[in-house]
Structures are given as C-alpha cells and as structure tokens.
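Shared chain: chain A. Partners: chain B in the first complex, chain C in the second.
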Partner chain A sequence: MPARTNHRSPRRLMPPLRLRRLLPLVLLLAMMAMLMLRGYVHSEILADHRIRAEAPADRVPRQILDGGPVVDTRGGRATSLDVPDHRIVLTFDDGPDPKWTPEVLDVLKKHHAHAVFFITGTMASRYPDLVQRMVDEGHEIGLHTFNHPDLSYQSKRRIDWELTQNQLALEGAAGIRTSLFRPPYSSSADALDNASWPVTRYVGSRGYLTVLTTADSEDWRRPGVRQVIRNATPKAGRGAIVLMHDSGGDRAQTVRALDTYLPGLRKQGYAFQNLTEALEAPSAHTPVTGADLWKGRAWVFLVTTADDLTGVLVVGLAAIGVLVLARFGLMLLLSAVHTRRTRRRGFTRGPDAPVTAPVSVLVPAYNEAKCIENTVRSLMRSEHPIEVVVIDDGSADGTARIVEDLALPGVRVVRQHNAGKPAALNRGIANARHDLIVMMDGDTVFEPATVGELVQPFADPAVGAVAGNAKVGNKDTLIGAWQHIEYVMGFNLDRRMYDVLRCMPTIPGAVGAFRRSALNRVGGMSDDTLAEDTDITMALHRDGWKVVYAEKARAWTEAPESVQQLWSQRYRWCYGTMQAIWKHRRAVVEKGPSGRFGRVGLPLVSLFMVLAPLLAPLIDLFLVYGLLFGPTGRTVAAWFGVLAVQAGCAAYAFVLDRERLTPLISLPLQQILYRQLMYVVLLQSWITALTGGRLRWQKLRRKGQVAAPPGESTVAERSAA
Partner chain B sequence: MTTTRPADVTAPAPAPRGGRDRYFDLLRAIALFRVVLYHLMGWAWLPVVFPSMGVMFALAGTLMARSLGSRPAPEVVRGRMRRLLPPLWLLGAVGVSGMLLAGWGPDDEGHPGWWWLHLTFWILPLSDPPYGADLPGVHGLIADGWAVDLAVPLWYLRAYLWFVLLSPLLLRALRAAPWPTVVAPIALSAALESGVVSVTSWRLDSNLSDFGAFGACWLLGMAHQEGVLRRLPRYVVPSLAPGVAGFGLWYALGHGFEAGHDLDDMPFAQSLWSFATVLLLLHLSPSWMDWPRPLRRWDRLVTLLNSRAVTIYLWHNVCIDAVAGLWDRLWGVPGLEEHASWLLVSPWPQLPAVWLLTALCVVCFGWAEDLAARRRPRLWPDGSRNLAQNLSPGRRRR
Partner chain C sequence: MTVQLDTPHAAAAARRSASDAPVFVDESGRRSRTFRRIGILAGLACGAYAVVIVATLLSGNAGAPWLPVPGPDDDPPAGQVEATRAPSASAGAASGAPGFAAPRGPGVSASAGAPSPGGVSGGPSASGSAAAPTGSTAARPSASGSPRASTAPSATPSAPAPGNPVGGGSASPQPAESTPATSPSPESSPSPAGGTDTVADGAPHPAPAAAPAA
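Right, the complex of A and B next:
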C-alpha cells in the first residue's frame, strides 16, 4: 500500500465498522482451526513416539501367555482363542494408505480372500472411501487407535479417547462400529508383559477383543518377497493370524508376496477368512445410525475439508511468496533504472526546461485551524513564483479567518459551504489564475524548493500530472516510524517502479501537480469514490497523459498517531482504490492509451494493491503453525529470510531518499503488528465491496453533493492527533 | 508539601521535586506482592511475568540518581545506608537469637574465628550474613529450615548496599558514556556465564553475578532519572526491547528452564529479561502525580506496601514458614484429611494467612523503618491520616 495523504473521514458515511472488522478475524481464526485439525490428523500435534522396552511378564496369567492370539478380557474374563487349523486370518495394520491399500484390496479380491484391517483414526479420517471399500468387499475392520501411540505410556483417559476417536472416524467413513482392537507395537500373545497386560485388560473392560498375531510377516523390513512368504506361512496346516502392513512405507513386496502366497496356501488347503468367519462367531461390525452416524460423517467431512484447504493454502503461500519476491525484484530493478535516469548528469525533463511559469497552489482546508498557519507560511518561503488559494470547505473553527488575518501577499481565501474535498478542489481550479496547479493538504508543510521541483516535469508537454514525495513529519513514535518506513518505500520504490511502467496509480493529495488543460479534459475532480486522488490519476492515464514522480519535491505531512485514526484512513484509501479500479474497469477493453493503461497498469495495480495483500495472512498463518508444530527451525529461518529481503529493500529506499537508517530497527516489530493491521483493513474493504459496496457507493454519490465531505473531522479528533 | 500538578512531559526530570510518582509506587507494590506470591507458590513463570527484583533495583536507582543530583555523594550514601540497615538489624536480633536458641553456634562451621567475623555481615551486609543451615523447626509453630528461609531474601540487601556504595561512581560513568555503562553489567554477566571470567570465592562470585544480573536495571533507573531514555526517539525502545527479552527467554528455555530452576538461577538470562522489561516499563513511565481514576481505590494499599517495603520483604519468608508449620497442624484435625485434603495440599488458602501474618510483622517490626528515616514511628502507615506528611519523600529524607 503506497502512502498518500491524510484526508479526513466522512464519518456518517462509514459503515458500522465493528462487525465488518470482526469478520476478517473470524475468517483467519477459522483457517487457523482448519490448519490445526490437519496437523492433528497428520500426527504433527499430540504425537507420542515413545516405545516401551520389554518388561517382565510375571503378572500376566500363564494361560494367556501360552494361549491363542485372540485375547478376551471382556467382563473380567481372561481367556484366549485360537484360529482353527487350515484357516488363516490375514491382518493389515496402520492403513488405509492411498497408494498401497487399493493394491492390497485388489490382490485380495483377485484371490477371493477376506482379511482384517486394523485402521488408525488419522488415516481413516483422511481416506474414508477406502474404509468403505474394505467393508463392501467383505473384510473386517479393527481399531488400531487414533494416532498410534504406545498405549502402555498413556492414561486411561487417553486410551478412551484413542478408541472413541478411532470409532468416530470409522463411523464417519463406513457407518459401522467394530469390537476388534489391536494395540500398536503388539506382537504375539507370549510377548504380553506387565506393561501391556493392564492395557489389554482395560480395553477388554470397554468391550473389545484384543487381536494379536501368530505369524509376523515382517514385511515392514522389506526382506524380499520370498522371505515375507516364508515368515507368513504357518507350520503344518495350523491356523494362524498373520501380520502384514498396508501403510507406512513402500509395500510393493507385500502386494507381490500376497499374489504368490494366497494361491499357494490355498492349494495346501487353507481358507482365507476374516476373523469372525474363521472363529464362526457373529460379525464384529454393528451398524450405527442417527446422531452417531452424523457425528462421524461431520468429523470425516471436516478432516477432508481441512486437508483440501491446506492444499489450497500451500499453493496460496507459494503464490504470495513468488509475488512478494517478484515485486521486490521488480521494484529494485526499476527504481534503480529510474534513479539512474533522473540523476544522470545533464538530465532534462523535456523541451521546455526549466519550467519557470507561475503556479497556483490549492489548499483545501476543513477545520485545519491548528495547522493552516504553518502550511501557508511554508508556502511563503517558496523559491518558485506562486499564488496560494485556500479553499475553506465550511470549517467551523475559523480556519478561513486565521488565513485572512495573516494578510499575506498572494494568498486568497475562497469560502464555500461544506461540500467535500473534490468540490473544494474544483472550486480552487476555477479560481486559480495559472495553468500549472499544485494541490496540497491543509496539514502539510512544503520546503522552499518543493513547488519548483514539483512542476519541473511539465517541461515535457506530454506530462499531465506529477506526484511529489510525501514524508512523515511525526516519526518519533512507533506507529509514526512504521508509517515512515512505509512512506519511504512507497515513494522511493513503488512510485519509481510505477513511473517507469507508466501506470502510477495515485498522485498523493498531500503533494501533487496538474496541468490545467489535463484536468479540464477529464472533467476535474470527481466524488464518485472515496479516493478522488486515485480516481483522477487513473482518468489522466486513460486520457493519454504521462504521470511522473518528482523525488525532490518533498512535503512533510502529519501521519495518524492512533490505531483508530490509522485504521479509518487506510480503510478509506483501500476501499477508495478498489472503487477507482472498478470505476475504470472498462479501460481493459478500450483502444489507445486508455487500453494500454487498462491492460498493463490496471492489472498490475490490482495485483499488487488489492489481490496480493489478500494472501498475506497466509504468511502469518503458516508462521504460527510452523512455530507450534512444524519444522520450527526452518520456519524461523524462512521468516527471517523474508525479513532480511524486506530490510534490504527498505534500506535501499532509505539510501535513495538520503534518510537515516535508524528507524529500520522497528521493522521486525512492524512485521508482527503493523502488517496484520493493514491486511485486516484490506479484508474488511473486500467484504464491504462484496456485500454492500455498490449500494453505499451510490448513496455516497447522492449525498456527496450536499453534506458529505471527505475532509470532515471533529475538533476533538484533531486535537487528539 | 505534596504538589498535585499534572505531569509535565517536557520537563527534563520525570517527577518534579517534592512530588511522588504513583506509577513507580504501583510498580513497587506489584513487585512486592509478586515476590511474596512467588516464595509461596514457587511458580517458575512468575518471575518471567513480572521480574520484581529488576524493577525494584531500577526504582531504587532512580531515587539514588535523584538524590545524588542534589546533594553531596557521601551524605546521600550515608543516608541510604541509615535507611536500609536498622530493619535488617531488627531481623538479625530476632533471627540470630532464634538460631542460637535452636542450637546454632560458633563451632557449626568448624572455624569459630571466621564465624564471629562473618557474624558482622548481619551488621553491614557486604556479603551474605551467615545462618544455621539445618536447624529444626518448632513443631506446629514453624517448619524445618526456617533459618534458611529467613536468610534467603538477604542477598537483595547485600546487592542493594553495594549498588548504593558504587552509585556515585556509576553515575559519573553514566554521564560520561550512558549506553556503554548501562550495558556493561550484561556484558559482565555474559562473561561469567561463558566462563571467560571466573572467580573461586563464592562470596565474590555471588556479588559479581548479582551485579551482572541486576546492575543494568539499577543503571537504567539512574539513566531514566538523568533523561538518557528521553533522548532516544520513542520508537527505539519498543523496537529493541522485545528482541532482547526474546533472546533472554530463548536462552533460558534452552538451559533447563523449569520449576526449581528459573530465571533466579540463570543470571545471564535474568539480566537480559529484566533489562528488557524494565526498559519497557520505564519507556511507558507515565509519571502519575495523581492516581488514574480506576486505580484510586488501591491508593491506601499501595501506600502501605511502599512505606513498609523493607519490612515486608524481610519478614514475609519467615511468615510463609510459620504458616506452613501451622498448616501441618491441620493434618491432625479429625476429618480434614479424609474430606478436605485438597485444602491441606493447596497453597492457595495459605496465601491470606501469609499476608495476615505479614501484616502482623508490619505492626510489630515496621517502626524500625520509621526510626531509620528519623520519623515518628507509626503502626499502619497507609497514608489515610496525614497524606502530606507521609507521602513527601523530600520530607522523609531530612
């Protein structure tokens, strides 16, 4: 957002701000919540990777250690079951996986085998379709906890949570619940120990059968297809529960092994059934209906949405990254070009150089009693011949009287009923005697050379308007220093770039010069938008005039000192710029200079000023996310990297403007506090534009003629500044 | 007399002479309350939220610089010592007698000669005064280890005394080279932390390490009084202080920050964090000659805490021990253990008891502060009776 001017707010036309201000925040929070959800199902949050070493087993009942792989501890029991001979229950842990699970399912289908899939809640939430397919194809589902911690480390509450959340995902994915459970990091029954046995008993008390294994294929080690088959083959026709994995890495060996293993063992007389078929028991699945079902579906919907959204956000982040860096690159390059061009020895602006024609300076003022004397007196020191026209826009604080009492030569006061800044400027143009017209604000102070420098570019008859270099006078406070940085960058990088590209979007109201003939051709100032300065600049571009930047025409202006004032100023600029872009949208399809501006300038300005900043919150979103869960070191490094680029550009701008570099120490904090304010304002403008913008705009146009001046502010507001 | 005129922000001195900056009074009161809360609860994050000791040193530094600006140095130093020491002597008289009664004596450290010599630190605490390390408590009256707890807060007086003694020198250095002087203690702290500088004597080491940790705060207070901070553009402090604080916190988190090992045990991290916080607090420094309306109701409490700061600081830890002893007795009350054991375990119900007992100490021992200030002793100086008489520091000093 390049800096411009301080016109004051037409208060009663502003929409009620509070709600609109809340909405962007809510939007940000919602996105953050979605990111958190994603982090949570991707096990980046709450993940616990500890695995317990072997413990003694003296407190595990003998009959369990020596018994079968299906352990029944329901209702205080401690019994176990074995799979009958010539039956194999294949079990796949840790899925579903988007790549390998479908291949496993295909192989099983090809050989008409049923199996049991022990799914984790995180994976089931993300790939619900695969779970549904498992159920549809006759396989059984078991729980494998939500995000795979070693349960012997966890509290009962956490175990309950792991199971409930896992069931929730299953309900959402396939509309069923299951009573089968396999603890993470488990193996055969004789490996139960004093640490895992209490977990098994507790899970049983919640109504689950614990399903352990008899044969571990060890496919996760990828020992080769033959070895997997050897590991998975039980001795001499015995029944078995075989452990395999369909997730957690490359499972090509598992799939190939199955393709050989299934027909091979079937020839030996084996049947491949799911667990309850093999045990000839009723199915472990129970369908769920009603509230539980919808809860599950809502959960799965949220998770998949969060996943999709994250994908979109990552693309957005990449886009903003590229845009920001590209913009900085372009700015550095073009401002270097501009500087070389204008500071070259023997540089002339055009055939009419030097410009010595007298100039009319217009000072629209509304309740500027405090500043107007400084403003006018600074003009008196001008080295260039001028006349000053102060247009009093119906002030209530005697602004006009103050100027009249000064009785300065060459200063006239024109009074009008309160009609707004554009009307005041038009009245000033009508009263001005000269053909070169400088416009400034009532609270701005010029240097003696400012007017002369500002009109030099008119030596080129093609130049219709000139933007000066507005500088922050009150940069002592933090908020002042931040705006100072912003102004210096806005004027020394942005404006030089726009000058070279010939699409300067705004002549600042605080310091700008116009050719009367140019103003007349576009019909003077208009109150169609809240940003009449942007509006007129775009109109001049469309009329084929060159608009250039005069770096040495410095004007010192008073920047807002409270967040509230800054907010409403920026809201006006931002929304006004959007209005102006919308007003001049037709330029895109027009011919001639208008078309050139419409197809080069307008898209560029829209991209840099209203579209790219829309993505800026992503930087902070991913910063917070990365700090909390992500690769913290890399996140911090990336953030400092961007900061360094920014500091480099800012330093370059400061050097161009011959400013002291010390205010740049406030740059890091600006990135944490000020930038956010700016994009929330932008979001708010977008929301206004998309919801009620058109309506308000028309209302403004109608009311603007009578009693709605941009430039209105109360005395109290003034004295607070 | 107290003049109640609005703060003049353009004046070189923050508080016109004779007026009392209520903002500083508020900071001192919060600091004191935080110290008591911390000694009872032991939360490691409490000194992070409000680094009391740094704030107290900074406030003292401000007053010291103000006095040195108007009166000859020896007189100021003598006056400060006179104000500081009598309350300590009173604590020593009660505490050391108690320790002797509990069986502490010259032979406890194996060097009776040294013991007698070190005992003089109770009179002039150039180093930490000695105490009986493992004396038994009195059942139901005070818990074991009370003598240690009695001696815990004394480092502050020792450090304060040294700062007072060095102040004329510090002020001269500050005037010659403001910022290098302010930052020097942090550099000392860094040198001690990295091992570039190391001393074997623990007495010297503790002096150096406290000077490193809090010297910058004391100097910041002096710099504030001298108008050094005012000469900076307003954006400088809020831009830099968070960085310094962040570095300090990062350092602390990387060096085993946890309950029982907090900023108080990490002088370097402490020096950075306290420096940054004090810098921000002094930067804000609104110079209230009058209370802002919402705070007016706290006036009497803040006044009391300020006029009895040393007493409260010296005695509160003993009070905590006494309350702990009392609480132990409750286990014997039938039914309490079964039905309300949370009451016995939780420190929260002890908090009001601690303050009640501290208030008792204020009544019993607070007069020493008045004597030290050559004032008529008062029981409960909350400023309610004679505002002008109590509040004017100019009056109190003479």
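Right, the complex of A and C next:
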C-alpha cells in the first residue's frame, strides 16, 4: 500500500474505490451467491411444495386416458404408446440418492436388468458420478424437473427453466441430453386431468416423450417386500412400466424386493429393459459436446464447490459459536472468582499493605486544551499524595500554557517537540521523582480515591503494574452508550478474567500504574507499535511481573462521539494489538515466566481478540441467509439465544460494577450495527498488517529523536527540575 | 518550567529494538505488491464464480433432441400395440386395463431429495385417493371402436378426494383444499404464452376432431 500522506484530502461523497475495500465486498457477494446456489440445489430456495388436487378430466383426449403410458405430445400430436408384452420397464424416480441408488444399481447389475431413472436436477447436480454410472451400466435417464415442483402450478417460463436446468445438470454429470420426461406427482395415463394435461402438451411441444406408469409399486409407503412385488407385477404377460423410488427415504425394502422380483419375473418370461429398448427405438440419450458440455461441467463444478465451501463455513460457524460461548463461560466464572477473592473480608494485597508512598502521575497531552484543566484539577483532589507531571507533546493549542497558568502546587509542565505518546511518557518517567508511576490521558478525569486504589496492589512486590477501571463519561448518546456497555462488559469483565489467568493483555492508557523498576527493566515505552500500552504490558509479563486489576480505581474518559473518531480509535487499538502480539511472539518458545505468558496468555489473547473476531461475520452471514431463505424460525431463535447470553453477561458485569442497567436497552441494536463496524476495523487492520502499509499515526522515525531512556536523565535535567 | 529539547543519545539509540520501522511496516512495499496480486486473483476468482452462476442459470435451452419412436401406426414388432387415433379410426382398444390396481389421483412420486433442513421422513403421503378409481373406471366405456367423443357424456365424476395430498417439506404447510366436482368453467380463448399464467389455466380445449395424424 502506498504510504498515506498527512495532508487532508478533500472530502469526498464516497470513499475511493480501493482494492482493500473492493475485495471484501466482492468476496462477500460471491459468498452470498454461493450460499444461494447451495440453497437452490438443496431445494431451500425456489422450491415449490404445492401439490394440486385432482381435477376433472373432461378436457383430456379419450385416447390418451385410455391409452398407453408413453404419451407422445410432440409436434401437436396426442397419441400414446404402450409397452409390448413380456417387457417390463422399471422406473425409479427422484434420484440419485447417495445411499440407495448405488444399492439399486448393484441389484440391477446383478440381475442384468436395465431400468429408467427419472432424476431431479438438484440430486443430479450433487451426485453426478451416480448419474454417470447409470449411463455406463446401460440404464436410461429421463428428466423429472430440477426442483420437483408440481408443474400445473408453474408458468411456461418456469417449466422451461426446470427442463433447462435439469438438462444442464445431466449434461454436466454424464455428458448427454435426454428426450424422456416424467412430471412430478404423476401416475398413470388415466390419471391425467385438466390440470396436468396442458403440462403434458407443453412439455411435448418441447420435444419430450412423457412417460407415465402402469403399475405403482407404492414402495415409498414401505408396505413390505411381498406387497411391493405384488404391486409391481403386471397382469398376464402384459408389458408394464413400473414405478419405484431410489430416493426420498428408506429404500431398503425396494432393494430387497428387487432382489426377488427380478429373477422371479424373469422366470415367467419377462425381460427388464429400459424404455427405448422396450419400444425398439434408438436410445433416448444424445451426447453433447462443446459449449453445452462445458457449461454442464461448469455447473457441476459450481455446485460441488458450493457444497464443500458451505461445509467449511458451517464448521467455521460452529467454531465461532463454541468460542463465543466458551468466552462467556470463562468470563462469568473467572470474574466471579476474582470478585470473591478481592472483596473478601480481610483481603490484603500483600506484605507491604497499605501503600502510602507518594506517586508520580504522568499526563501526556497533545492538543488537549479543552480537557486538560479538568484533568489536572481532578488530580488535585486526590486523597493519595501525588506529584503531577504534564508532558506537552508539542501541542499547537496552548495546552502547556493553560496548565502553567493554573499555577497549581505539585504540578510541573514539561514541553517537548511533537514526538508521540511513547516518547512523551518516557520523558515523563525521566522527570518523575517517585518510584510508583501512574499514567493517564490528557482527557481523563480521576476520582479522589483513584490513585490510592490504583497503587494498593503494589503491596505485593511481585506486582509490576496495575490496570484501573476506565469508564465512559459521555454515555448519554447512543454511540456513547454502546461504548459504555463495551467498556463495562468487554473490557472490565475481561480484565477480571485475565487477572485470574495472569495474562492481562493491556493496561488502559487512561488509568494505569507502574513500578519504576519494572519500567526500567523492560526499557520504557516503545513506539514500535501503535498500542504502546499493550506493548509495555506484554513486556512486563515476559519479564515475570504480575499485572493485576484494581476495580475500585475508577477513571472517566471521554469516548469518541462520532463514527469517524471511533473508527480511528479502534483501528489504532486493533492494529496496535496485532503489532504487539507479533512483536512478542517469541515468548511462545521461551522459558520461564515469559514462556508461561507466551503459551497461555498470548494464544488466549490472539484467539479472542484477533482470530475469533475474524470468524464472527459468519454469524451475520448465516443470519441473513437464514432469514431470507432458510429456516427462519430457528435462525431468529438462535440469534436471540446468543443475544440473551450476551445480555446475561452484560447484566452481570453491570451489577458487579454497580452500574445502572438502563443502557443495556441498546444492546440488541449494538449487536446489529456496532459489531459490524468492529469487523470492518479488524479486516482493515489485517489488510494493513499483511500489506505492510504505514498508518498516518505512525511517526517517521528520525535519527536522534530518541528521548533519554528512563532512569537515565542527565544531570542537567535533574538539577533543573 | 523547563523546556527540554530532544538530545541525541548514542547509547540509547544503540539499545533500540532491532527493527527500524514499527512492527509490520514494510518500507520497501514488496509485501504490498505480493498481497495486491493475491488479492486481485482472489477477487477475480470470486467474481468469475458469481458470474458463471448467473450465466448458467440464465442460459441454456429446454428442448429435447428428436427421438424417433415406432409410432402406434407402425407395424407392431411383437405383442400388442394399441392405436388410439382420430375419431375415424376405430381400432382403439382400451389400455389402462380394467382391474388394474393403481389408484387414480395425484401420483405418489415421493418428494424430491430433502426439501427442507427440517428433514424428510417418508415423503408426502397421498391422500386416500384409492376411493376414486373404481367409480371413474366404470364410467368410461371400455369397449373398443367407440367413436371418441370430446367429452364423456357426463363429465367424469371427479373423485371426491378426501383431502389434498399432504405435501412434503415442513417449511411450507400444504393447503388442505379439496376441489368440489363442478362442471368445468367455460374456457376463454387460449391466452398467448404469458409468462406468469400457469400452463394449466391457459390451455385451450383439445380440439375434438383435429387430432393430427401421427
């Protein structure tokens, strides 16, 4: 990706059409097309299950009603043909079926019998090799429409379409076209009525012979092998077309019946032939070549791919389902453990409790003129002894001047040329006097007890850093409410879980405390990533320090209020987290505490924050498909089920934090809009990470720009402070 | 209040992490080009897939290749071949032999495949249309040689179908209609092939005397 420049481009009506936006859209469209194809071929889309009731037959020509089972309506005719005596044409409808058709084919082969298979396009598309086998073994194929609708309800265009698609599937499966047709829900010639006769005529006008039945074995009723044989036996040597099924249910009886029926009737002098053999006509199959053949093959390929890919997607959906539920389960369980532990009577943080040593509070600020005064004044009300160091990162709006003019005791201002937040924090660390350092943002407001609560965990000498409880201050807007829910449930419930698992991935930049010695050991803040808070936290874990969560250390931040700002913020966080995970990837193979973090914490964080969210769009994909085409009731029920679980977790989080439950009303809407925004953020982060582009917030590293490392402030700086 | 400018600090610079650029950033642009190529290929493949789906669904023809079958007027090769022809021909013997056991009524082809994910068990059950056959068979003359009239003297009593066959597929419940036996409504002239009229509705009378010879 070409590097983005910093200058503001003119506002456009639509974002420019770049590959990184176009590609996901194209992928999504292709996936929808594929799902719809799959639905079509599984008779979920465009399937018509209506069956017409019987109608009067006064408009059907007498000779047809009295005539043979093969009705020839081609070229405007209305004649029928009969099967010669001592010939039986077995016909199997609705195949091919992956389980039963091979068995039927086996038994027919064993007894050297030929039959006619009236296949549906849906099944032929999915099991083309069975159709090829039918042709190879000498059986005949006829059409039975694509989707098995009752054709008397369909328009001519729909009938044409059914025939076309059925032929297409046949061409792809076996490279032939056929001239035989049997309408769904048909039976014998005398059962034709005013509704089905016009269909027969129309199909004839397309060149097909309509093949009906003379003997219905009724095998689909499963009346028993003997009854099936009896039904299928014609009277006194007459020719017959026998109806059987190789699909649509348990056909074990059919197969067993055939094994007895075939040799039995053969002994009585019958021959089992396919239709054109019985009529002594040339084969009903016509091979196709060229474009038609390739279209058929392409069709079969499309369907097979759709089936396979949908299988993969379904596995993905199951995976994300499991992950989501597991995460909820873990969150609930472990937060309960954490809460029970920390709120227990007599809970002490460690041997050095209570911590009363003074604390340095660092406030890096870049163009925070509006908020900096509130921030600093809130610090003044702190109950714990602190000194405040405001580091002005080259602001252009007079932030430093504002603080200097306040002339508050214990507040120092340090200015530097604009070098980014990590550099500002490092400078702050260099200028801080105390050993416990609290880092916050320029627009965060602390409560009087915040600093005190934040540093109490340092009573345990193994603790290197503490994460506070960041809260959204501006939660009256909808977007603020959504972020409020996210902070309370997502971040803070998560933090309890990670505290117990000892793999807290990030200390919020808005409210975090560090031990100076820990910071020194890991080399201070780094600008290798956009998420320096995550980076330093992981570095501390690898160094063996404990990172804990102090729920009572509340800080109020100003969450972004426009979608644009929210997008920016989350993009930085997401991309920065991915950078941090990648930067610390070697922890997976290291020993000691670093290894523990690398093998437990890092995979957990990667799984839940980077990989699982990639699969989450599957939920929406299947939701949309299910709503439009599939089992609507169950889809909606499943979605509401997941929402209920989430609402439960959120309510629990709110109760733990003693928050009012009213903002939870916007939770369903959040699931529809907010989550999707986060997908796009994640997707764009992945694309940026893969293609190696530089984001505009990442500073160009100029040589010599490095601030003094923490703990090594020059003598001149120390004396001047 | 001090102003602190950045000072070059050689030792600190040496202690920087190995990479000169932030994590993932590839200044040379090589990775960008590679992935761009991959992305374009993937996009083209997906686009082609969708386009081919639409193309195959919209194209193609419904016709069947011509199949010459020995017609009813040809010499019968062996056994009986019924000829049911124009009114003047009288050789029609009834096929559809009496006493034949298949029930009249909508056929019992089982439902295709698995119509809905809800699962299919045993296909649609045809209504008890077995009540029908004997009545209608009796109404039709089975003698040969009867001139073929366009309609039977009384319209074949439509079987009082006890109920519609309950269709397969749990997704769409079948309407349980039972059509009363009425005389057919007067036909309008055949409608031109309208796309949405069902074939059954739009069909003209079968012309009584005009059945063309085979």
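Quick note on the criterion: the second predicted complex is superposed on the first by the 652 of 721 C-alpha atoms of A that agree within 3 Å, B and C clash if a C-alpha of one lies under 4 Å from a C-alpha of the other, contacts with A are read in each partner's own complex, and residues count from 1 in each chain.
Just so we're on the same page, a contact is a pair of C-beta atoms (placed from the backbone, for glycine too) under 8 Å apart; a residue touches a chain by one contact, two chains touch by 3 or more.
It should be emphasised that the depicted structure is a prediction, and the values quoted were computed from it without experimental measurement.
By the touch criterion defined above, A:Asp93 lies against chain C but remains apart from chain B after alignment on the C-alpha atoms of chain A.
Looking at the shared chain after the overlay, A:Gln564 reaches neither chain B nor chain C. Measured by the number of chain A residues touched, the leading partner among chain B and chain C is C. When the two complexes are overlaid on their common chain A, residue A:Asp528 makes contact with chain C while staying clear of chain B.
Of the two partner chains placed around the shared chain by superposition, chain C is the only one that A:Thr164 touches, whereas chain B remains out of contact. By the touch criterion defined above, A:Leu478 reaches chain B but does not reach chain C. After overlaying the two complexes on the shared chain, residue contacts for A:Asp72 are found with chain C alone; chain B is out of touch. Judged by the touch definition given at the top, the superposed model places A:Lys235 against chain C, while chain B stays out of reach. Of the two partner chains placed around the shared chain by superposition, neither chain B nor chain C is touched by A:Thr260.
Against chain A, the residues of chain B that register as touching in their complex are 233-236, 238-240, 242-243.
Partner chain B is touched in their complex by these residues of chain A: 475-478, 480-482, 662-663, 665-666, 668-669.
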